[in-house]
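Same chain, two partners: chain A is paired with chain B first, then with chain C.
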Partner chain A sequence: MESASTVTNMSRRVRIGLAVGLAAIVAGCAQDAPQDTWDPAGENAQMIQDLQWPVFAIAGVVGVIVLSVVAFVIVRFRDRGQAMPEQTHGKPALEIALTILPALILIGVAIPTVGTLMALNDTSDTECVVNVTGQQWWWEIDYPTQDGCGDGISAPIVTSGQMVIPTDTNVLVRGTSRDVIHSWWIPRLNGKRDMVPGRVHTVKLQADEPGIYAGQCTEFCGLSHANMRMEVIAMEPADFEAWKAKQLSDYQPPEPDTLAAAGESTFIAQCSRCHQVDGLEDADGEPVIARPDLQVYSGAAPNLSWFTTRNTFAGATWDLLIPECRAEVWDAPSDEVGQKYLEGVSPECLNSVDLREWLRNAPAKKPMYADPEQLEATDGLVRGMPNLALSEDQIDELVAYLLERQ
Partner chain B sequence: MAIIERPAASPATTPEYVTPSASMGFLRRPVETTGWKSWAFTVDHKKIGIMYGVVAMLFFFVGGLEAVLIRAQLAQADGTILSADKYNQMFTMHATTMIFLFVMPMAAAFANYMIPLQIGARDVAFPRLNALSLWTFVFGGIFLNTSWILGGAADGGWFMYAPNSSVPFSPTNGVDFWVLGLLITGIASQVGAINLIVTVLNMRAPGMKLMRMPIFTWMAFVVQMLLLFAIPVITVALFLLMFQRNFGATFFSVEEGADPLLWQHLFWIFGHPEVYIIVLPAFGIISEVLPTFARKPLFGYPFVVFSGAAIGFVGFGVWAHHMFAAGLGPISVAVFSVATMAIAVPTGVKIINWTLTLWGGKLWFTTAMLFAIGLIVQFTIGGLSGVTHAVAPSDTQQTDTYYIVAHFHYVIFGGAVLGLFSGIYYWWPKIFGKLLNESWGRANFWFMIVGMNLTFGPMHIIGLQGQPRRMYVWTENRAGEGFFNLGFWNLVSSIGTVILAIGALLFLVNVWVSRKNPPAPADPWDARSLEWITTSPPKEHNFDRTPTVHALDEFFHRKYEDVGENGQHDYKKVATGEEVIAEEEAHADAHIHLPSPSYWPIVLALSMPILAYGVIYSTLLIVAGAAIAILALFGWALEPPTAPDDDFDPPSPDGGEPSKELVANV
Partner chain C sequence: MFTTGSKLLIGSAVLAVVSAIAYGTTQDGVMGTIGLVSAAIALAVLAGVNVYTRDSNVWADEISSVETAPAAAPAPGNSIWPMVFAVGALALTVGLVTYQAVFIIGIVILLIGGAEWTAQAWAERASAEASYNSEVRSRIANPLEFPVGAAVGIGIVVYAFSRVMLWLSKTNTVVAFSVVGSIIIAFAFLVAYRPGLRSKATAGVVAVAVVALIAGGAAAGVDGEREIKEHETTAGLEEEGEEICESPEEFEADEKASQSVAATANVAAEITLTEDGELTFDVPGPVEAGATALSLPRSNPNNVIFINESSEHRRLSVDLGTRLEELDEGEEEVPYRVCTTLVDEGGAQNITLIVGAPSAAFPDGYSFFVPGVESAHLELVVP
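Presenting the complex of A and B:
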């Protein structure tokens, strides 16, 4: 038989444990977690939150009631030498009532659930369409020509890792994958949607305020699933028009005899097999067209035309900005963030450490399948960027060239 | 069949036996009653149950080590303890090991050991098939784990989504080991399900109507029905994947027009019933433990039975709640969302029934009882977080984050595992004849409870604040600001793992220090159900006389009589457990027939990993494995019912414990 003091200790421990647990949950959250699902920044995430927190509250209340009853029972009915208890077999009326009650609560939850679900899937008010294509281990983002997205998009824009959208606009993301299943998730703007090869799925995005909204691929997609991130940058309509104009502007070759000009040649020789820079021409004036389908199993590589108008790279895994400059953009107040983002990456702000490591040996920095000895399963094609064995001089040239892609 | 000699008290007579007229040389039955051969070739459900439990416990520690490595990696940002490749193998194998090689077999251990005892039978319906289940599980589990040293373990996650599971994206043999290993262990479960269903339906003692069966047997029976219909679905999925990877099929090749969602549907049609397969045995166990230590019957036995059956049935209709973000379209999602809310009702009913069992009781806090109450508390938390995922729009935020990891660990660890440990402490004296130490048991319990809450509690926060699952690193950039940011909670969770691991090791300590305990009484807990009307441990033939059952909680009613008047109840003890058992012994059956041991189940089981290695490495091995399988099936079909007379040892000269096998001319 258990001694009374051990039981009291136990129930006291239970109560202390519960209290500590609750306090921890309430006080113990991260501030400004970039992917906080309880910090909605757009109407879709808000709809989910409006449905979610009452359900959590109900669950919390039910939990507290049940656990309190259990705590009460184990104290009140412990063996104190009483007689054998009444051998109750049950009380059907009570059991039926306690079955109907949760059923009623759940019906009450089900009705707004279905309503919110339908609202989240209603795409009739779309004002801007952006396509995403997941690939191991980066996101391609392209804007088809359309009348929406502000004043319209006159020619396709292809970028990667960062999706720029105007604020207060109903954006419809249409997505698929070139290889395995990925998932597009920008928590502060909406729930996630799987991006499945052979299918096209849609998810709505809408941001109330300018800002940078972080996301990650959330369907296990192999080796570097952890290194497949993205951001959505929302900016005021005027800033968005400026962004579009830049993305659609003509290619500006580097000044002759500069390091960047050498970089252009190096780029053509080393990078352009896979990476497209729109408007790039070779020494004979022929357009340089990338053919990643000949090198890469999934068939594509990020378009680098406007590389340094973005501020993350390699699947949005690393920043192009050093920490001080990054903070300037990411933590900028909402009336400045658009302009700060449009400034792009300056040479003083460039995170050359990570960028150079990447160029020096990409697979050593981010786990990928690019070892030429081990590509039998993919007919010799790589999954990810291979090690190009570039010299430091070549890297200097490429960095200079890439800095001008803005 | 083997014959048990009459107990010494009765006059000896020449026992009757059956022998075949002739048997081929190699088709003999083993006769050893001691030593390793008596375990390797046994068909006794009790020995099989013990072996299931020991091997499952071994895999618990294998899976636990995998978990410790995972949390060591995630204790800091950008961890370097495990490479991305190793980490992906680690989380895949942690889940696969824990689910398929620990929880399910441990539940099978209890089902095997306890169901015949609880229904008053001497063994299961198909004893050799039972042995086949055991050895198939053991060899399948070993086969699966040899992948670690044969080119790498599977690394596609325990639900192994297509097309990531195809060869271009998973080029090592790891996924093949996973597929074949699970096909092998699937045979164990499927065959075991058929066996136990027939046992429960056909072999109950006289008077044991279905609604007088002990509740553990009921829940285990529902589990077998779930397995019967769910295992074939994953078997199909695994065959499709095996053919995709090894024989050029294109079931999951998108470029040939396949839809990757096919895998997800097949997997989750199995996968959702699977989670009830995981948790219902634990529910059954605590439904026995709580009444025993509350000294009153299970509150609402019919409700618990019907809600268990309802969970089983409705459980086949909610699978796509694992696919709310997969792009099914709002109508499908709405249907499955509502169905998932519906299934919360019968599950919640059980919590109420257990709590009301305790209400008004006379609670005795043994270690088994602590674990059972722990289940009520922890499963309530896990179940409520589950209800929050049933709301499909919320789930699109929650799925694939650590919030889901928190949910399922609370229901699996806090539900299934705590329930299994409750059963271990409860039935240990019955199985091994000794009690486990209560002080070490309390330490085991508290370290596990504190450890599990420190490990999995913070995961609710981490997940809701945006950390996805299955990532070998997390980064400061996404961890938020402040002291209690995601980094802090990741560290707390990892520290919790250490405490949890200590708790698990304390169980082993308890087993070790308890090994020299004095023999346990036959009825240490003053229990209620039929399995306690046996010695501790039970004799090989379980019951000297098949008991006749007059009520639910038959054993309780034989010990206690209600002498109350005018609607008042007053229970008087009229017999001790030992006296009830002695009464049965005094009326022992004259002839008790037991099934004979056999070589063929373990031989047939051995053929399967050979076949499986053949699929991966060499057609020659496929031929060899198939040949052994065919040989084993012939042996199985043609072997005599029992060994010939002269194969048995003569009785010991001092007339001691009668030989368990046939003795000619007593």
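Presenting the complex of A and C:
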């Protein structure tokens, strides 16, 4: 007869097991899952989806059969003190069958897998080229001069964190890295691809509908690996042309005697050693050229020419929009995403809290090897943005200046 | 008194204590000493447990303990492993005060000798029958000895062979490789078609060949590798004042440079000098050849392949603005050019460009050009 405590323990175990199982099932129902690889949004991701379902099903059936047989053997032939059965060795027919059957299953899986890999690696159908360069801990995205990407691109466009692409266009991403190995993955648009220093790897991206598709670095790359994110903004071709036109337009200096004008001076004095703003000139009318290669280990820092045309900053880790405004873009109907994104960041929508914290002390907000005293291996070059010890007035000026970069 | 296992553990603990003292008094740093002291403590505890349990044997008051006591067991057979173990311990101790390599070799020998000695001692307690004990030992040890021994043996042979090959001249390596390969094939055929050959004779020949190879490898390794000349680079000559990148003439670097292209993958762009004297380019992806400017990422290595389709030897040069050159009396701004060596008609050459400053940093920007061909000009844009 079972004691009361035994029954209580068993029912407790059952309850815990049920709770864990239920939690696992409920977790699969998450609505806010922007990096869901089971929810493809383009033909490349769909190819992967069409492959992984049957493979998953085959693996599942095999797993169920194997586990069922193991469970049956464990229960049916468990030790009850019975005599040792007759021992036999060798069963050629069974052994051959158990060799051929898995081989056939693997061949059956390999054929569509190889076909899908070859189709995903075929870049002959791409219509637009975007270079992606990883470095600790952000992605630079540049569009070389080309005839592709809609009506063509007459001069390079350099941005970071957010890649803007036209819908229904197969975009060829040419990726590399400036320091360590990173990995580019937008789960809803294609598989992941390692970005390796000295090598150029390619991956195609295509989105059927306008939208924002999130991703993050998937190769451990150092201290702020978890804070190295990116987003692909897919918009209608007409909206994409408008975005390109904005990115290629001339620099507009702030109105004289404004806070933003003071911010321009502060930017030249404090930020322009690393950050490029195309068209910016100093007091003598000379172009201000950033030289991050002399300051930063990776040799690069985000181009801030059109900073507030983007929605995120610092490796796409923080939003430039307050939550209400961000929701207006992310939750917009598909045909309005492009227009909402092109509105940029208004003063009312600016997430000044995070931006000011970043300007106040960047390494305190995002872990980075930005202390030159600890950088013997890089000869004093920083990884990431250092603390510039800006005053609150300087931060006010810079926020006003950056807000006009759209 | 003490069982064999207990003796081994007690000896190991004493050795660890001696090593800790030797290391602690002769070497800087405490980590090694802490490690050795920790090992001594752990071994001492294990020795104590083993003495208490008498090698997991029966309790002393049981009859079987008398029957299976070491005194009742047959004397152990001859073994080389205690000596190997001692050699390892000696090398380890000597290594502590001499070279790290000796220390590591000592550890390896010590581990091998200890493991083999332990396995043999354990097997000799299996029964009073020596042949059965030997079989037990083989069953336990051979699955580890054979693959590890084979791997080590192959490694030694390959390493010795590589030393000999690097010692010989470039031409003689081909001859030697061919001759040795032919001899091995001929010997293998002989063995296969003449089963009557005595196995001892065959083994003897192989053993002599291996010993000769290892001896040759050791001698070649001591004598050093043959002189391998580095290819001249244009960069080195330019620093010596030669205006090589602006000249269509042939320089010493062009004579000695390799005309082969190694970087066939991960090419950022291919630039072609056409028969008409024009520079065209092609990049991976749908950027049409014939565009007026090539754009390359900043602060990143870009492999560019130059293909010469003209009817003369030509080089591809890149005008990268200016750079500061350090002089005795300060710095001077000098033109910054990089280039390939002269490329044969129909040939190709690789150049890797890393550009830190954007092209906007210089009024004239950056450009590719071919010395001696006025029409060959291509704008380089670095954002």
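Everything below uses one rule, namely that the second predicted complex is superposed on the first by the 370 of 406 C-alpha atoms of A that agree within 3 Å, B and C clash if a C-alpha of one lies under 4 Å from a C-alpha of the other, contacts with A are read in each partner's own complex, and residues count from 1 in each chain.
Just so it is clear, contacts are C-beta pairs under 8 Å (C-beta built on N, C-alpha and C of every residue); 3 or more make two chains touch, one makes a residue touch a chain.
Every value quoted in this text rests on a predicted model; they were computed, and no experiment measured them.
Superposition of the two structures on chain A shows chain C clashing with chain B.
Of the two partner chains placed by superposition, only chain C is touched by A:Pro144; chain B is not. In the superposition on chain A, A:Gly299 makes contact with chain C only, while chain B stays out of contact range.
Legend: residue contacts after superposition of the two complexes on their common chain; A:Arg199 is shown touching both chain B and chain C. Greater residue coverage of chain A by touch, when chain B is weighed against chain C, goes to B. When the two structures are aligned on the shared chain, A:Met47 is found in touch with chain B, with no touch to chain C. Applying the stated contact rule after C-alpha superposition, one finds that A:Val129 touches chain C and leaves chain B untouched.
Once the two complexes are laid over each other on the shared chain, residue contacts for A:Ile289 go to chain C alone; chain B is not touched.
Within the superposed three-chain model, A:Asp32 lies in touch with chain B and out of touch with chain C [touch as defined at top].
In the superposed pair of complexes, A:Leu117 makes contact with chain B only, with no contact to chain C. Aligning on the C-alpha atoms of chain A brings chain B into conflict with chain C at a single listed stretch, 114-122, out of 114-122, 438-446 or 492-500. 197-199 are the residues of chain A that lie in the contact sets of both chain B and chain C, per the superposition on chain A. Every residue of chain A that touches chain C in the complex is listed here, in rising order: 123, 126-129, 131, 133, 140, 142, 144-148, 155-158, 172, 174, 176, 178, 197-200, 202, 276, 278, 287, 289-294, 298-300, 303. Contact residues of chain B toward chain A in the complex are 83-85, 88, 156-157, 161, 163-164, 167-171, 254, 257-261, 294-297, 299-303, 325-327, 329-330, 333-334, 337-338, 341-342, 344-345, 348-349, 351-353, 355-356, 358-366, 370, 373, 376-377, 380-381, 384-385, 387-388, 390-401, 453, 457, 460-461, 464-468, 470-474, 477-482, 484-486, 488-489, 560, 562, 569, 571.
Touching chain B in their complex are the following residues of chain A: 1-2, 6-7, 10, 14, 17, 21, 24-25, 27-38, 45, 47-48, 51-52, 55-56, 59-60, 62-63, 66-67, 69-70, 73-74, 77-79, 82-92, 94-95, 98-99, 102-103, 106, 109-110, 113-114, 116-118, 120-121, 136, 179-181, 183, 185, 187, 190-194, 196-199, 201, 214, 216-227, 229, 297, 319, 367, 369, 374, 376-378, 383.
Within the complex formed with chain A, the chain C residues making contact are 265-268, 283-288, 291, 293, 295, 297-301, 356-358, 360-361, 381, 383.
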